[in-house]
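Before we start, here is the structure in question, set down as structure tokens.
As written, the chain order gives the labels A, B, C and D, with residue 1 at the start of each chain.
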Amino acid sequence: MRIIVNLKAYRCDPVEIAQAASSVTADGVSIGVAAQPADIAAVAEAGAIPWAQHVSPSGHGSHTGSILANSVTRHGAKGTLLNHSERRLTVANIDRAIEAATDAGLLTCVCANTPAQIGAVANLGPDAVAIEPPALIGTGTPVSQAEPDIVLDAIDAARTVDPSIDVYCGAGISSPDDIAAASDLGADGVLLASAVAKAEEPATALNELIAPLN
Amino acid sequence: MRIIVNLKAYRCDPVEIAQAASSVTADGVSIGVAAQPADIAAVAEAGAIPWAQHVSPSGHGSHTGSILANSVTRHGAKGTLLNHSERRLTVANIDRAIEAATDAGLLTCVCANTPAQIGAVANLGPDAVAIEPPALIGTGTPVSQAEPDIVLDAIDAARTVDPSIDVYCGAGISSPDDIAAASDLGADGVLLASAVAKAEEPATALNELIAPLN
Amino acid sequence: MRIIVNLKAYRCDPVEIAQAASSVTADGVSIGVAAQPADIAAVAEAGAIPWAQHVSPSGHGSHTGSILANSVTRHGAKGTLLNHSERRLTVANIDRAIEAATDAGLLTCVCANTPAQIGAVANLGPDAVAIEPPALIGTGTPVSQAEPDIVLDAIDAARTVDPSIDVYCGAGISSPDDIAAASDLGADGVLLASAVAKAEEPATALNELIAPLN
Amino acid sequence: MRIIVNLKAYRCDPVEIAQAASSVTADGVSIGVAAQPADIAAVAEAGAIPWAQHVSPSGHGSHTGSILANSVTRHGAKGTLLNHSERRLTVANIDRAIEAATDAGLLTCVCANTPAQIGAVANLGPDAVAIEPPALIGTGTPVSQAEPDIVLDAIDAARTVDPSIDVYCGAGISSPDDIAAASDLGADGVLLASAVAKAEEPATALNELIAPLN
């Protein structure tokens, strides 16, 4: 199971969470930490696998205020989220951002709301997609109870386009049961956010969350 | 062959072009006129088939400055372009705009740059897609000479997703040869723009353009 | 007192509201109806003064999906809102949209959230500004009770830049008392929305709202 | 004279340029280096004064893909550009971004195209503004020859709103003569970009550029 802890712009200590992520080991579990771009080097130094939360579709050039894929890679990022529900892109720009990220050596995980949208973004050739059912974003409703079909349909839509693509469950994951449910439904990974980033003790929280995977 | 004449924001007389479009008849040829929203009623009154150039993803509600699908339908629009290279949308908003347009009774034709992007937007369930190879946008380079493969690949990408979808050739069409080439490549339609909208005599221009189809 | 009834994308009959607006007469009161672009001609035919809810910063040219100032003017629009809280623009685009609208013969009323922002947009030379205190948008809280100072400060900020500019109160207006309060505070106009657009009987609603002005 | 070297997303070594900036000393000259967010810590470690090229209007919270002001500050940033011509913001978001940046301890320099727009953004209370005459952006045309009046008018517009605000000349600066001209016109600072970032030897380039200031 692949886990990405999305720190968003939360009031949290990225180094503490990176240390937590690097301390947790479980068979077949890899944990990335999707940090603010300015924090990527510090996350790498703390021993974790840094991810970007977004990179710009544009590569090198006159692009003031962009988040350059090559720049986050240089500081250790291994992958990037794209098209998160809080950072939507046009189709043409998802396409260009996947290309910019891939050229810079980043894995790409493109988020989308529905199975049809998952099928759409899978056509653009990312390494992974993440289904974020809108009904689960920020609600605390567990995906296993609320919308198992949407996860199954998303996996099906993605695999129809690309049988080897990874599919993440990107919303509604906040308990060990949710991770177990995502795994049972066939997801290759999950996106975590506040359940770790806002935990009193991130290492403890992470260990508890992944316990069902051992 | 389906033809959509996109008037963009050109300095032109929409009524004159609508009259031209309604005067041209050829077997198996239908001609829509994609007009500014404020001009849709006038295009309908002139006897042509009005299309919108864009409708908003949002439906009824507090959306000041939107282009409401129901509003253009009420004045006679039969379809709408979406995601034109001059009016890009996020994946989620293309999805919502297709739904809003379809609910209002509009046909939808979603534009995209590359075969992969065509495959992507076809997943969202529009009635048609239009391939706009960037190398041809506004260049005057004819599609038949420049990039026949991109049209063939776009048709293939779209039909893999939905065998009954219509595929338009959306850039590089400015001569009778281009329309003939698009038809020979298997396109169901073409988007025309300045070749008609900026013509001295739109009716003459249209008749010449479609001559190879008779 | 200048009144603009903003129909947004509400489920309403623009012609019925236009007729209501044209039937209401009171000394010193003018009523514009800010309609969907496709409805502007119908609003004009019903005898009301049409406004656009937004026009694009771009003028004539290759701008598919835009709302061309010249196009709404041609069908009778007399003015346009710009930068409404539901349709924000960059500073550069407000500047260009004011120019495009003015060149087309439209009055311009630029919305903003705070007195500082009102001072900012007043610098760009519109005919009018509208203060939309965020705390009042869509809440039903009357401006007279909630934030009289913000209206006074907005008027002050606008007049410091341009002593002859008109200042509208653009949120929190849903009762006769609100209009009276806006007038007492020195506003030259008010933006109305659901209080008229969603009224069972728009003419009755408008007459009641403006009663204090007689 | 305050100098900000904007590295944009150029193919350059931010550390080499930071070392160049920290090695250059001249009376009354301060040099900031506006870097990609992921490079800010490295710029600080190299001894230069880091600036951000942009920070998000949103502060802490669920804002995936943002550039958090607190995050760049934590790694040493001292200021941020905002509303650069390559990264435009709405009026409301400039206002919020100034607040977010100021709360995080960053200086703010807001860019705009014309004297009227400079007056507009000055109303939002930044520490500095930068006039970027569109005719000079990326053209190599020196500001001293091309548009001296636009700089004088921008200074006047900014100082009318806030007598203590700093005014930068933000485009058309690529030679020692340009810096001298900007200084003679009354500018407090200049934005440099490719003239330093793309120089074979950034330290030499910087020393030559500021020679007239000694």
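The rule is simple: a residue touches a chain if its C-beta (ideal position, glycine included) is under 8 Å from a C-beta of that chain, and two chains touch if they have at least 3 such contacts.
None of these values were measured; they are calculated from a predicted model.
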item	value
Third chains touching both subunit B and subunit A	none
Per Cα centroids, the chain farthest from subunit A	C
Cα-centroid distance, subunit A relative to subunit C, in whole angstrom	43
Between subunit C and subunit D, centroid-to-centroid distance (C-alpha), Å	36
Subunit B-subunit C separation of Cα centroids, rounded to whole Å	33
Sequence positions of subunit D contacting 2 or more other chains	85
Graph class of chain-chain contacts, one of line, ring, star, complete, other	ring
Footprint of subunit A on subunit D - complex, ascending	6, 8-11, 34, 36-42, 53-54, 56, 58-68, 71-72, 74-75, 77, 81, 84-87, 138, 193
Interface residues, subunit B side, partner subunit A - complex	83, 85, 88-95, 112-114, 116-117, 119-121, 123-125, 157, 161
